[in-house]
Structure formats: C-alpha cells, structure tokens
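In the two complexes that follow, subunit A is the common piece, with subunit B as its partner first and subunit C second.
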Partner chain A sequence: MKHRTFIGFIGPSLFLMALFIAGPLFSVFWQSLHVTQPIYIQVETEVCTPGFLSQKCTTEIQTQPQMGPDGKIITETKFAGFESYRSLLKPELFLKHFSQQEWSELNNINFYKALRFTLTFTLITLPIVLILGLLIALSVNQALQSFRGPIIFISLLPFVITPVIGALSIRWLFVGDGILTTLFEWLLERDISMFAQGWTIEILMLGYRVWHVAPFAFIVFYAGLQTVSRDTLESAIVDGATRWQRLRLVILPHLSPLILFVSIIHLMDSYRVFEEVIGFRSEAHVISLQWLTYDLLIPDDTGNRLISRASASSMLTMIGIILLLIFPLRRSWREHKLLKRG
Partner chain B sequence: MGLEVPTTYYELLTAADKVAASGQVQYALGGTYKAGWNLAEEFVNMYMGMGGDFFDGSKPTLNNAMGVRTLEMMRNLTHYMDPEYLVADSTYVQQQFQQGKIAMAVLWATRAAAMDDAKESQVVGKVKMAAAPSPVSGALPASTLWWDGVVLAKNMTDQQADEAFQLLMEGIDREMVTNNNDAAVWLINGYKPGPMAMGAAETAENGALPYPNGIEMGLMHTALGNNVADFLTGKETAEQTLLDIEAEYTTAAKEKGLL
Partner chain C sequence: MQQNIEHPKSIQLSKSLKLLSNGFLGIWCLIAVFPLLWITLMSLKYPLDAFSANPLVVIFGPGTLAAGASINLFDLLMVILWVVFAFLGIKRWQAEKILGSKNWLYLGISIGWLFAAVVFTDLSVALKELLGADFFLMTPLLGMTTEHFQSVWIEQEFYRQFLNTLFVTTGVVSISLTVGTLAGYGLARSGSNWAFWILMTALVFRALPHSVLVSGYLPWFINSAEWLRPIFGDAAPTLYGQPWAIIVVLASINQPFTIWMLRSFFQNIPRELDEAARIDGCSHGEAFVRVIIPVMWPGVLTAGLFSILLAYNDYLVAALLLDAQNQTMVPAISGYFNRETTSTDQVEAVAAAVSITAPLFVLVMVFQKQLVSGLTQGAVKG
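Let's turn to the complex of A and B:
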C-alpha cells in the first residue's frame, strides 16, 4: 500500500483517538498535578431559621469564595507536583504499616482498602468467568441443533442487562426480607442479613459479576468451537484420545488466543468495578478504586469537588490496569512473533 | 404498651428495649444510617444536639468527648435496628414503617404523609410524629432544620427574572397549598399543620439549629459519611474514627485551599 493511501485510511481514526483518548488523558494528568482553589473571604452573615411558627436569627462568620465583577468565582491554579498522589497513597503510612504487617491499619487507608477489593475481585472472577464460559460453550456445542438458538438467546440475556440495573435487582432480591433471603431463611431456618457484613456483600458482588460476564466468554468460546478442525478431532478419536485428552490437547490450544482475548477484556473491565458498589450500597464495607474516584469527583452539598485528587486516582487506576495487562499482552506478543517466524 | 413519648435518647433506648423485649415488631428502631450522606447527617444531628462545634475557623474540632458520645449513642441505637442499617435510606425506613417492621424511627418530617397513604401503607393512622428527642435532658433536639427555597440567577435579564418570579409565585400560591396540604410541611401562608407536622414544629420550637451549611461543612459531611461506619461495625475505636474524620477533612480542606 502506498504511504499516502495508508495515511488516508488511518488518519481519521488517529485524529479521533487523539481527540477522545489522548486529549482527555493528558488533561486528567495535567489536573492531577495542579490544584485549582477559589480565593476565600470571611463574611459575617445572618442565618435565619425558616419562619415556621417563629423565626430565630443568628449572625456567624462564613467562609465564602470571592466573586469577580463578572459574578464568577475567582480561582487560582497552582502547580502541586505529586501532592495529590501523596495524599491518596500516603507513602509514609503505607511503609510503616506494611513493614510491621498491620493489615487492618493498612486497610483503613481508603486507597489500599479499594485496591485490596479491586484486585481480589478481578483475580477471583477471572478464572470463574473463563471456566464457566467454556463449560457453557462446550455444552451448547453438544446440544441438539434445534435447541441451540433458544439456549444461546437465554444465556446471553444477563449480558444484555444494564449493569447498574442488574446490581439493583440483585440487591432487591436479597435486601431486608427480599424474596431470595426469605427463601434461604426458610431453607436454613435461621436469620440471614446479606447486607450486614462485608464478606456476604463481596460474595454477592462476585456472583453478580460472573453471572453478568460469563455469557460474553461463552459466546466468544462458542464461536471459536465452530472453527475447531473436524479432521483433527476425528483423527484424535481414531487414535483413542479420551474426551478430556481431546479437550486438553486439541480444543484448548485452538481456543488459546480467544482465552487470552477474553482475559484481557475481563481484566480491564473488572478492574474498573463500580456498578456493584453503587447498586449494593456497599460503601460502608467494600469500596473499589473507581468508586474512590467517583466519591472525590461528586459535588457535596456546597458544591465542593476534589478534582485534583480524583484525577490522580483515575491516573492510578489506569496505571493499575496497565500493570495487570503487561503479562497477558507480553504473552500475546511472544506468540505473535513465534507465528511470524513460522 | 403504655410507653411515654421519649424526649431524650436515654428514654428512647429504654423504650426500644421494652419494645424489643415484647417481640411485637421485628425491630424496635429504624434509622437512615445508609453509609455516606445519610449516616453523616445522623452524626451531625446528634452532635449538634449535644451542642458540639465542628470548626474553629476552618480547623476541625470534633475530636472531643461529645464526638465520642455521639458515636457511642449511634452505636447503641443500631443494636435495636435491622442489621442491614448501613444500606437504609429514608425510603427504606419509610417502607419498614409502612410494612409494620419497626416501631420507632427518627425520620424526615416530609416522610410522614406516606405512613397514612392507604395505597402503600399497612399502618394507616398508627404512626405519629413527635418532636426529635434530645441526646440528654435539657440539651437541644438531636436534629437539624432543612428547608427548600427558590433562587433566581443573577445573570438573568430583568424580563426573564420577572417571568420566572411570576411562575414561581403561581406555583407556590395558597391554592396549591390548600390542595396539597399534607404532601409536605409547607412554609407558605394558608398551610394548616396536620398532626404529622406537629413533630417538626415542636422540634423547631425546642431550639433545633439549622444545618450549619458552608464550604467547610460540605467537606466535613463527606468525611463523616466515609468514616462513621468503621466505628459502628466495630473496625475502629471512637477515638480512631474521629481522628480519621479530621484527617480526611484536613486533606480535603488543604486541597480546597481552606487550610
């Protein structure tokens, strides 16, 4: 292909990537290194209770941001270096607690609390999603041709549901005297409160995520199974290979690029776990890195938002995803090179 | 059961104990203790009732005996609640009431009308609103006053402002209040406080303070909402929790340029 034609084809998408990925990324990085603060003045204000039966008024000194002549708040933006990262990571406290193995104290720092959950969540759901997806794919592949359509349709349904809505429905099934809690209480003959402690909420979150994502793994693996060479499989049968040997030596090697693909997508997605925290209202027990960014970003009653720290937090989330992806990507790169060499 | 309406939290706990022992309802108390904003609001109510101050200038000052007592009182109350209190918001508590699962709760006065809504409530006419109790006898009610108002933006043209003002006045006139008297506790002429609004009225009469809104309080509210639960679940001591709250507030206030 001519150089010009190549640029012509790739140009638009490069432009859009720069506009929507590189641009925001750079902006977030810049904001994480700077702080923007209003200039405050102390104002004596009269505060009155509403005129409900009787009214009480008091004067107090309030801190208010100073307004410019155009009615906008005057702000100044300063370079803060890695201060926002420091206040998130608290390196001194981390080293102190880490060296003395004080895990509960470490867990008390929001960032490490979130990191602990995010990592366990990601790493526990990954193998379950892969194995479950593969199992469903294999069994659908064995099913009668006429049943396959409906089975595929039904197994895909969880993947179609909007994540927040799915999480909310699971909470409604279990919270208080929800249908499923009542059922389990009746079966086990004891009182159950799924949302009263951290570990039960975590189990619900893991279960919900696996239920939600396994269909994606299933459909990818199922597509892969359609391309397994029948000749190889039949010759394996002729050679006396058991079902397990056929799976291990023929099917899995054939699917391995797909397994890698599903793993990479799943690692990226579940490291950004967020909907579960909101849907299950788990802030008291379990928080995730993405939730931490959200909590810093969302304005409080007086409109304060901690944008610098939120930016730092999302940069750290991105770095975390890159670190997680290094291993599968290196593997994929090596296989790619092997293939090239033939 | 012949219980008096509690006026202090000590009386409330005694009453809750009797209700729990009687076994007539599933949980003696309900509370809007959902981690985050709701939980922080409950702390603010109790702490203000004790007469505590949150700030000296912009510096946090809640790490004191009143802060510890506030946390301990909150934990005592949770013993009588549904163990899932950390996910309970106003709607959840309102539903617990409507389904007859709880006997008492400190709840927004605006939620009162729903108790008597026959379409969704099983306890029509059985729930009454009383004034918010005080932490101890003689203290302020453990409550803060909130109300809605309207604001017109400064940068509107005079004509826009005129039209917006007329529209607002039309929306909050006497006729609207008469037609929807029990839908809210209206601060508008023509409103007749029904039995459900008397609690809010008495609370205000007993000297409840308005919510201490301000830039610092916004940050403090967030810090409270993120940390109070650690004490209630037994992960931390009261002192450590208060230290954490002050530390989180201080970090945020520095970032905002207040300290």
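Let's turn to the complex of A and C:
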C-alpha cells in the first residue's frame, strides 16, 4: 500500500485520536502546572452602624473578587509549578507518617487512600478472575453440547451489564436487611452490616468485579481449549500422565498467550476502577484513583471545579499506566523486530 | 470454535469429577444470573415486599397481593406465551440469518403481543366480569405491579433520558464504525513500521482512564464559546452539555479498540481478494468499495456491538460533560438514588435499573454469537 493511500485510510481515525486523546494529554499537563483563580482586589469600605447622635463609622479593607463589566468574576491563570501536585501528595505529611509507619494516618490522605485501594483491587482480582475463568472454561468444555449455548448466554449477562447498574444490583442484595445479608446473618449467627465499614464494602467491590470480568476470561479460555491438540493429549495419556499433569503440562502452556492477554486487559481495566465507587456509594470509606479525579472535576458547593488539581491527579494516574504497560510494550516491540527480520 | 469433538473414553472425566464440575457450573450460572433476576422481581413489588428479608415474600409478594395488585393465571399464561414466541423468533432468526415468512410471523406475533399487553389489562378485567372472580383462571396468583415502571417512565419522564441515550449511542456507533473501518482496513493491509507504532500508541490510549481525558476537555468545553468565537462569530456554541459533543468524544475514545478489532478482522480476509481487484485495474479505494465492503459486515456488526456497549454503559463522560437536561440514562440513575428517601423511591430506582438492563438482555439474546466471536477474535476488549 502506498504511503498516501495509507494516510487516506487511517487519516480520519488519527485525526480523532490526536484531537480527543493526545491533545487532552498535553492540555492536562499544562493545566496541572497552572492555577486559575479569581483576581482579588482590596477595597476600602466604610461600614456604618447606627448610633446615638451620630453614626459610628469604621473604614476597613476588604478583599473581594474583582468583577468585570458583565458582572462575571475576572479570573487569571498563573504558573503555579508543582503546587497542585503538592496539595495532592502532601509530601511532608507523607514522610512524617511513613517514617513513623502510621499507615492508618496515611490512609487519611485521599491520594494514598485511592492508590492503596486501586493497587490492592487490581492485584487481588487478577488471580481470582484467571482461576475462575479457567475453571468455568474447563467445566463447560466437558459439559453436554446442548448445555453450552445457554451457559454462555447466562455468563455473558454479567459481562455486558452496565457496570454502575451491576454494582447497584449487588448492593441492593446486601443493603440494610437485604436478602443475602439476612442469609449470611443466619449462617454465621451474628449481626452483619455490609456498608458500615470499609473492608466489607471492599469485599463486595472485589466480588462484583470478579462477577463482571470472569465471563470474559472464561470465553477467551474456552475458545483456546477448542484448539488444544488432541494428539498431544492422547499421547500424554499413553505416557501415563494424570489429569493434573495433563492440565499443567499440556493445556496451560497451550493457553499461556491467552492468559497473558487476559491479564494485560484485566490490569488495564481494573487499574481504572471507578463505577464500583459510584454503584456501592463507597466514597466515605473506599475511593479509587479515577474516582479521585472525577470528584475533583465535579463542581463543589460554590460551583468551582478544581481543574488544576484534577489534572495533577490525572498525571499521577498516568505514571501508573506507563509502569503497567512498559513490559508488554517492550515485548511486542521485540516480537515486531523479529518478524521484520525473519 | 463451535466444532463438536466427542472426546474418546480416556479423556472423559470420572463420574464424581463430572458431578463436581457440573455442580460448579450450576452454581456459577446461579451466581451469574441471580442479582439481575432478583432486581427484576423487586421492581415488580411494593416496597414492603421488595425489601423483605424473606425471599419467599419477594417472590410471591403477599403485601402487593393484599394491596390489590396481582396477576392471575390468565395473565401469567399470556406472558409465558409471549416469551416463548419471542424466544422462538430469535432462535429461528439466528439459525437462518434471514427473515423468512415464518419468522416474520413469529416476530409480528411477539411485537403485537407487546402492544396487546396494554389491552390485556382491559381484557383481563372484562374476562373477570364474564367468568366471575372465582373462576380458576381469574384468581389472583402472585402479587405484582407495574406501578413503579409507569411512575419512572411516564411521570418522571425517563423516556427523555432514553431518547438521549439512543441519540448518543447511534451517533457513537455510526461515527466510530465509519472511521474505524477505514483505519482498520488500512492498518491490516500495511506492513510498515508506521502501522505498528500507531497500533502500539492506540494500545496505550486504550489504557488511559477516561477521567484523565475528561479533565483535558472540561475547561475547553465550558469556555468553548470564547475560543471558538474567532471562527464561528457570535454563533459559537458552548460544547459543554451538548449531546453531539459527547458523541464525538466517545467515538474518539472508542477508536483504539475499534481499529484493533477491525484490523484483526480484515487480516482474516484474504489479501488475494483485493489484490485480484487491483490487478483488474482498481485503485485501493475502489477495491475497498467493490470487494471488501460486501464481505465486511460480520466484522463491522461485531465491532458495532462493542461500540454500543461502550456508549450505552458510559457513566463518567456523560456525567461530567452533559448537564441535567440532556442527561443519558446511566448517569441519570444517580439522581434516583440521591433522593432515595422513601422506600417507594428506592423501588423506583430499582425499576429504572431494570429498564436500563432490559435492552442489554435483548442484545445478548440476539447477538450472542457475534459477542463471543468479538471477545475471542478481537485483540482487545472494550
């Protein structure tokens, strides 16, 4: 394909991605270093209170935001350096608590709270999703042919459902004297309230995410299982391999590229965990990095949006993405070079 | 993938293992479907039944029954018949891929049934008078009410949000498919280093949290009337709150995924096909139009389904870039749970949630095969 035709085909897509994905990244970087604030002016005002014979008047100097001719507050944008980053990261407090190992104090700073949850969430759900997906795939693979279609249909439901709604539907099972809370209370013979403390909400969030993503892992693995070579399996049986050995030595190596694929996708997706916080309304106890940015962007009571702080939080979130993707990207670059040479 | 392999005896599981594995599957299916099934049941009951701790109360709804809202055997049979017709219609459509005369019959009956549902209530009442309330078809069976759905859709005008979602979803799908198909084809047929780098950059873009991108847009969108004035004059629009602005944003965010998926689809279409057309004297563009477009629809359909899911399920972008008047369904539901003060409000929130889920249910029902092939063949999930 000639270069010009190539550009013609991919041009529109590149334009959209440059304008709405790459562009905003630069804009976020710039915004994170600048602060937009109203210009304050000092006004000398005379305040009079009624008194006997004559009014008592005092002059005082007040600070007011300056209004433009149209009655809007005039704002100015200043270079602020790393001020927004500092207000998020609070380095002095961090060092103090870190050196004294006061982890619960550290958890009071929103950014570290969000970071802690996002990382544990990502790392705990990954193995559970992989194992559950594999187990379902192996079970479906031996189930009767006529059951497979319906099982796949049912499994797809948690996957396609709107994440906020999925989280809400699980919340409704547990909220108050919800049906499952009652069941667990009966089983464990003790009072349970799932939404009173952070760690129980966290368990629900992990459970929701596994429920939502395991179908994806299952379907990818199930497709992979269809291509396992039967000859290899049969010769393994002839060699006397047990079921476990066949799984470990034949099936898992065959699935390993798919396991890597599912892992990368899952890492990318669970790193941006957000809808769970909305659906479970956990913001008082548990927050995530993406929710932190979202919350800074929502106008506060006075209608201000903390754009520069949100941008700083975005930049910090992106550092995580780069760390997450650097190894898979290096790997595919090497494969690409090998392909070119060979 | 669907090929049927009968395993030889030696690979088959022992009885106990088979039982274990089937039991596990049963439990998984129950877990997968239970929350959705349960909220559907809840949405059909009055609050006292819906939030009862006793599961039997939620299923049979005695409180709702006592309040006079119930369905009898006749209604239940009608509903079951409708479900069976709709199911058969979809199954036949999936099997034959064309709408033959018989399929039209099924489709017509099931849609007609839906409209008749409005008439049913009258029919049911008329029959009740004719046969007497004691007739076995007419005795109230289950407590059930559609009151909350009526209140959500009619009184609280949820259809407005539905129309907004419909508009946004249609827009996103058409833009992202048009642009993505061209790019996917270009990338599939070009072996240059450029193509590799574009794909890798797209992968990084795909990993970006949407909130990062939105914090980039937000100030520009709010102040757009100012910086667009030199171009558009006084007619310069404020992009904040405009559904079409959201459409472009979501279509762009969706591009990385769409081009990956369509590229891998086009790679499976043999190169010889368009090369033959090129030998006959077509340019690349003509070859695309004459040879590729006729065979690309299965792949486009699959990519389209994932675009629908992205646009329909989006919370964050719409919540931040749209104002309350133009809100789509998913962010609007947070309005319900913010004012969840009375228990009726809570059941209405459940009814709104069920309303949002229903179209997705139909989507999986009709396009199960395409969704599965998209998950397995496309390199990246949406």
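Criterion: the second predicted complex is superposed on the first by the 271 of 342 C-alpha atoms of A that agree within 3 Å, B and C clash if a C-alpha of one lies under 4 Å from a C-alpha of the other, contacts with A are read in each partner's own complex, and residues count from 1 in each chain.
To be clear about the criterion, contacts are C-beta pairs under 8 Å (C-beta built on N, C-alpha and C of every residue); 3 or more make two chains touch, one makes a residue touch a chain.
These numbers come from a predicted model, not from an experiment.
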Please work out whether A:Arg209 is in contact with subunit B alone, subunit C alone, both, or neither, and reply first, second, both or neither.
neither
A:Thr5 in the overlay: touching subunit B, subunit C, both, or neither? Say first, second, both or neither.
second
Quick one: is A:Arg281 in contact with subunit B, with subunit C, with both, or with neither? Answer first, second, both or neither.
both
Taking the superposition as given, does A:Phe20 touch the first partner, subunit B, the second, subunit C, both, or neither?
second
Between subunit B (first) and subunit C (second), which does A:Asn108 come into contact with in this model arrangement: first, second, both, or neither?
first
Looking at A:Thr49, would you say it contacts subunit B, subunit C, both, or neither? Reply first, second, both or neither.
first
Residues of subunit A touched by subunit B versus by subunit C: which partner has the larger set?
C
Should A:Ser84 be classified as contacting the first partner (subunit B), the second (subunit C), both, or neither?
first
Using the touch definition from the top, say if A:Asp301 reaches subunit B (first), subunit C (second), both or neither.
first
Applying the document's definition of touch, where does A:Ile136 land relative to subunit B and subunit C: first, second, both, or neither?
second
Overlap of subunit B and subunit C contacts on subunit A, residues 176-177, 281
Per the touch rule above, subunit A residues touching subunit C in the complex are 1-3, 5-6, 8-10, 12-14, 16-17, 19-28, 31, 36, 135-136, 138-140, 142-143, 145, 147, 149, 151-158, 160-166, 168-170, 172-173, 176-179, 182, 211, 215-216, 219-220, 223, 226, 230, 233-234, 237, 243, 261, 265, 268-269, 271-272, 274-275, 278, 281, 289-291, 293-294, 296-298, 305, 307, 310-311, 313-314, 317-318, 321, 324-325, 329, 332-333, 336
Counting only contacts in the complex, subunit C reaches subunit A at residues 1, 3-5, 7-8, 10-13, 17-18, 21-22, 24-25, 28-29, 31-33, 35-36, 38-39, 42, 51, 53-55, 58, 178-180, 182-183, 185-187, 189-190, 192, 194-196, 198, 200-220, 248-249, 251-253, 255-256, 259, 283-285, 288, 309, 312-313, 315-316, 319-320, 330, 333-334, 337, 349-350, 353, 356-357, 360-361, 363-365, 368, 371-372, 375-376, 379-381
Quick check on the complex: what are the subunit B residues that touch subunit A?
34-36, 39, 58, 82-84, 86-87, 92, 96, 101, 145, 147, 154-155, 185, 187, 200-201, 204-205, 207, 209-210, 213-219, 221-222, 225-226, 229-230, 232-233, 235-236, 240, 244, 251-252, 254-258
Spell out the residues on subunit A that touch subunit B in their complex, using ranges where they run on.
35, 37-40, 47-54, 56, 62-65, 71, 84, 87, 104, 108, 110, 171, 175-177, 193-197, 280-281, 283-285, 295, 300-304, 306, 308-309
